[in-house]
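As structure tokens, here come the structures.
The two complexes that follow have chain A in common; it is paired with chain B in the first and with chain C in the second.
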Partner chain A sequence: MLRLPSFRYLEPRTLKEALRWKSESGPESMYVAGGTDLYPNMKRRHQEPKVVISLARIRALRPKGRSRKAASGLTLAPMMTLTELVESEGIRESYPVLARAAELISTPILRNMGTLGGNLCLDTRCNYYNQSYEWRKAINFCLKKDGAICWVAPSSPRCWAVNSSDLAPVMVAIGADFLLVGPEGERTVAAADFYQNDGIDYLSKHPGEILAEIRVPPRDGWEATYWKLRRRGSFDFPVLGVAAWVRWEEQKVAEARIVLGAVASQPQPVPEAAAAIIGSRLDDEAIEEAALAAFRPSKPMDNTDFGLAWRKEMTRQFVRGALKELRSKLVE
Partner chain B sequence: MDGDRAVQVSTEVRQAVAADHPGREKRVVGRAHRKVDAVAKVTGQTRFADDLFLPRMLFAKLLRSPHPHARIVKIDTRKALELEGVKAVLTGEDLPIPFGILPVSQDEHALALDKVRFVGDPVAAVAAVSEEIATQALDLIEVEYEPLEPIASPEEAIAKPEPRIHDYGDRGNFHKLIHLEFGNVEQGFAEADLVVEDCYFYQGSTHLPMEQHAAVAEWSPQGKLTLWSSTQTPHYVHRALSKVLQLPPSRIRVIACPNGGGFGGKSDPFSHEIVAAKLAMVTGRPVKITLTREEVFYCHRGRHPTLMWVKAGVKRDGSVTALHFKSLLDGGAYGSYGVASTYYTGALQTVTYQVPRYKFQGARVFTNKPPCGPKRGHGTPQPRYALEIHLDKIAERLGMDPAELRLRHLVPPHSLTANYLRVGSMGLGECIRKVVEGSGWREKFRKLPYGRGVGLACSSYICGAGLPIYWNNLPQSGVQLKLDRGGGVTVYCGSTEIGQGSDSILAYVTAEVLGIDPFDIAVVTADTDLTPVDLGSYSSRVTLMTGNAAIQAAHKARDLLASAVAQKLDVPPSRLEFAGGRVFDVQDPERGVAFAEAVQLAEAAFGTICTVGSYTPPPAAGRYRGAGVGPSPAYSYSAAVAEVEVDPETGIVRVPTIWIAHDVGQCINPVTVIGQIEGSVYMGLGEALMEEMVYRANRNLVHKIPSMLEYKSPTTLEMCDVVTYLVEDPDPSGPFGAKEVGQGPLLPVPPAIANAVYDAVGVRIDEIPITPEKVLKALKAKAKGDAGRFGPISFPEIPWPDPIRVPPPWEGGDGTAVGDKGRGAGGMRERRTRAGDYAGGEARG
Partner chain C sequence: MARRAEPPGHAHISLEVNGEPVEVSFPPHKTLLEVLREDLGLTGTKHGCELGECGTCTVLLDGQPVLSCLVLGVAAAGRKVKTVEGMARGPELHPLQRAFADLGAAQCGYCTPGILLAAEALLERNPRPTRQDIKEALAGNLCRCTGYIKIYEAVELAAAWMRGEDAAPPEESIYGRR
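Coming up: the complex of A and B.
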């Protein structure tokens, strides 16, 4: 069997305690939420913390009864499980795009353990990397862990591992903000700035910081949707995600964001595609133009399931599909 | 799905069965029963190999090669041995004797001796007090390798005779070359109205059993080895242990634990089994090894990736005048069952539709990848895929309905084929009619809107191989029955329960003959100390062979009981019936005794009641070299219609429903039969649409995706609806007429889907898996005016040996090759060894 290596496990009760223990334990320590990403990674020696600090017992990070809803939007707790997110009536009604993206994540069993915060902090993925230690040894490792070369792009100085979270592109598209709490205090970052296009340094969050709140903007005239491409509907990671968001004013698109998931180390906004629909009534020509605009820069790498050319081709199909779905919602 | 499921057993067939056994209605056989091990399985009581814990047990781990092809220069284990908690470290030198499942391919070592042949080849082993320490110790073993040029593909293996992966085989990196000709095919092509030629490729796939292989070994102070293992073939493991460890078989006990699925992946003796045994002997402590999922991918022995070329000549009415078939199998790094697999890619083309002249050329090459072997359908799904698509193309060119074409030219029952396979009962016609009717074929074929389509395909499979794996003239299956004076019955048999229900079959069949409740029967299986030999759970042999052996043993016991009861009741034994737990006079059912009393009467008269039965298949009709693969006591038949939805924008194929009919001869238990059919459809669906064993040729030939997440296989949510029709055309060779069902129903699924894709969007995907990429490419090519097809376009030049020419029966042949009169039967007997010669000898010759 593939065994989890031994480690020390801490269960702080407060944010303060967590931050203190984290700084005391130093760089060889990590936070864990549901563990559905971290523990399999530890088995494969991707992360090798000697101390694992669980966020599960910290009340401030748990959903407090109902998620808070205010005129300024909705605040979500990072320790909300994906199942809680999917099943929350309030979210299903007011933010169906979140419930939809969460529902597309893996299996019911995983969603019972996996959390929203963990999903947003998910390690980037690559099929040269998500392999056992022995396997990686056979390719002499890679840049992301224990090696010197990126096998996906050998001449590249950086790692191209893929951000494979289904909720991350949605958060970027709808313009969510994240509250981070660290040893130096609190700060708020826009979801778009939380992610970085680097497979190793994929978050602007410092290792000691805890993602403490997810703030979703109020529903004031926007619609959003998320389309996910994968081999099996039952539990695969995305090989392409399309999050599309539009603000509708006077029967026209006033503002739009189209963000691709699973094609870069961060959720990838395609402003060209968004620009193509602004001012339109989401008529076929505008949608086609946007689909083409998203297709052109889409550069999938050879590190997930399916072939590159097909994945690129699917960008067009999925952007088209997502926008047509939005049209049907808005024109009603 | 439930609502869609129809089980239809034709009543004429039922009557035919009854006519076969006059005067006696079957009470157990043919009815739905729980499996005897079902409650234990669903309540977690079943003890799989990894569930065993023995006092003072150590844990073993294998160090595997990070190179696809390399010479081992030096191994230094000192640092590993110094690690606290490590109890022993083994390397190839500790186990220098080679082994392998086939006598002709004794090419494996428990730990690489001088050379590694694929990434994952075991090199050293550690036993330690915990798995974590054993894992740590692996990193402390220093191995110096001298890399050799790896051979990545069959094309490369053909082009590069050097470096040779093995120093045996037919030449260079060819493991096996076969060339057989039954009648003059060129003449047949000359007589044809239409000759169609094409290439096909069937990708490799693996078994993916839920249970990862595990073994526990114990060495007793008095010098006896016991090995518990998740194996489908305890008898062959017994032989391999005896050979490699140089212990007499009487000092080895192999117990096959219930397998959490096998599908052919646990049919070879494996490195980890031998290593666990040796570590137990060295340390004097029990040793357990449980493979990781990744290691299971390295054990592999799955479907051979196979390139095929087919040329068929037909008359205007669709009758075949000649068939020429070539296959090229990518064998991976070791022999395994590969010689048999290669023969199987050419053996069963003749048992479905009449083929008067037939030529087969098969080649297997070694490459530096995990070894291929037997996976559900062993060597036959690949040619079936090619043949059934080929027939679909032919039907279209002749303007015939593909179902009609097949129905017109079925092999007649009780006949001999061009390659001397003896067909018994043959229910394919009935199977085709069932699925054609059930699926609404006539309303759908070439009539559904663009994007939706239906496809039809058929197949046949063996019910056990005619010849055993190592040459001997012993029975292939033995059963022992012990009747307790309390009325309990124990069945002992070497067969192995891998989830397919073989334990239950023994109970049902015995219960039927003795007239008792199957749940009053204790079943003891797969223990070389306790049970008579059965060769194992492979080849779809178990129900037919153990069933027949059990019937024989039960009849002997019944005769003893009948004679004792007859004396007491003062009636002739022939008037006694065994039913409902009683033995009674058929003419006066009130007069009789309870079953327990019958046993007591018999025990008083004859002493302890123990009987035995055994089964040996009939001899093969062919007597040419190679005739050993293909013959079987009986052949099962299947037909399937798949309905698909193809999205022309994305190329994504969905399969909502498959209708499948299977001629099982006679259901012993219809529920388990349906279970096997649905399981086969599931596996065929995965192979058809997504499964792929792929390696990174540019990165040391590592397996690209050795995990349950990234090796794509359907889950229940991707599974299609299955409508099953059971056709019962009893075969005189089967127990109560039963034939196999474990493997055959997989075969028609991939070609039916491929044919349906063509019906839906007009492109031929002559290569599985049928991925969206391939469909979209073919659609784009078609839109540009090119051939709407995705698949291989040529078959490489291969230095074939001269053909073995065997005139078919209708050309006056007697099964021997031209110029080879008087030769004994059987290709697998090429290298003979003495029967019972356990330890030595196999590598000779």
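Coming up: the complex of A and C.
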């Protein structure tokens, strides 16, 4: 059987206790939420923490009956399961893009376990990394763990493993903020600054910090959608995600953000594509220009599923499709 | 009464398994799947990928389907676990089990325990599921033998029986087209 390495398991009841135990256990410790990313990784020996600190029993991280909705937006608890997110009436009504992205994640059973916070802190992925210890050993490992070379880009000094979260690009596109609580106190970071384009050092979060709240801006005239490309209709991580967000004012696009998922080590904004639709009524020409602007810089790497040329072409198709969907919602 | 001494580093937990209170001790890095199979002797729950990618290890935790290969045993402390061994009442099979047997919805049978539990959780919430509801509820369980059609038909048949209807399987699903 594929077993977990041995570790000490702690279940703090408060944030303070969790932070204290984390600093006492040092760098050989990790937090766990639903465990659907960390435990498979530990079984493959990607991470081998000596101490695992569960966030499951900390009330302050659980959804408080109803998620808080105010004029300033919606606050979500990181320990909300993906099923809770998908089934929340409030979210389906006011923030359908979140429910849409969440229901495309993996399978209904995994969504009963996986959490929003864990999804946003997901480890990056690569065909040469998400393999058993023996498999990785047979290729003499790689830069991301235990080895010295990147098999995807052998002359590159960095790791190109992919951010494969379905919710991360959506959070960046809609401009969410994350509250981090650490030993030094609290800070708020924009979702866009939470991620870094490095397969090994992919979060700006310090290892001791806990993602404690996700703050989603109020619905003041914006519309957003998310499109996901994957091989099967279930189970699979995205090979491409397109999160598109526009603010609609006076029958025109006043502001826009287009963010690609699963193509870089961070959710990848494409400002050129967004610029192409600003000021437009999302007419066909503007959409075509945006799709082309997203297609041009798209350079899929050979570390996920499907062929490279087809994946690049799908960037154009999906940006076009997502923007047409937004037009159908916005233009009377 | 003195407690049996635990080997050092073992966790000792109480939980409810298939309606019965159980106490068990094991190293804290064991998954619920390993505890069920190795420490409690309940080998009905199968292990497949052990990485969350197949669903064959599905059990119900407080009534909700979870992948037991990715739940720690210690995280089940104080909670209710249901495995396939808890479905039959004495010698009487659960309607889902009966329907699976009647319709040939189990071939090699390896995926069956997980699918039965996922289907039971569905019927608990939704006694009259559409074919689409069934497909969605079972979208986390791979079967390499049946092609799924028999499985969907069996869940539909069991659902009808459980609603008290006098349903029979379509002749075609048993004998094929004549």
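Here are some notes:
Basically, the second predicted complex is superposed on the first by the 332 of 332 C-alpha atoms of A that agree within 3 Å, B and C clash if a C-alpha of one lies under 4 Å from a C-alpha of the other, contacts with A are read in each partner's own complex, and residues count from 1 in each chain.
FYI, a residue touches a chain if its C-beta (ideal position, glycine included) is under 8 Å from a C-beta of that chain, and two chains touch if they have at least 3 such contacts.
Since this is a predicted model, take the numbers as computed values, not measurements.
With both structures placed on the common chain, the touch criterion links A:S54 to chain C but leaves chain B unconnected.
In the superposition on chain A, contact is made by A:M113 with chain C only, not with chain B. Once chain A of one complex is fitted onto chain A of the other, the partner contacts of A:A138 are limited to chain B, with no touch recorded for chain C. By the touch criterion defined above, A:F235 lies against chain B and chain C together after alignment on the C-alpha atoms of chain A.
Judged by the touch definition given at the top, the superposed model places A:S6 against both chain B and chain C.
On chain A, the surface touched by chain B in one complex and the surface touched by chain C in the other have residues 1-3, 5-6, 233-235 in common. Chain A meets chain C in the complex at residues 1-9, 35-36, 39-40, 43-44, 54, 56, 106-110, 112-113, 233-235. By the touch criterion stated above, chain B contacts chain A in their complex at residues 50, 64, 66-67, 119, 131-132, 135, 138, 212, 290, 292-294, 649-651, 690, 696, 699-700, 702-707, 709-710, 712, 714-718, 771-773, 776.
Residues 11, 27-31, 34, 47, 50-53, 55, 58, 64-67, 70-72, 74-75, 118, 136-137, 139-142 of chain C are the ones touching chain A in the complex.
Of all residues in chain A, only 1-3, 5-6, 127-128, 130-132, 134-135, 137-139, 151, 231-237, 305-307, 309-310, 313-314, 317 touch chain B in the complex they form.
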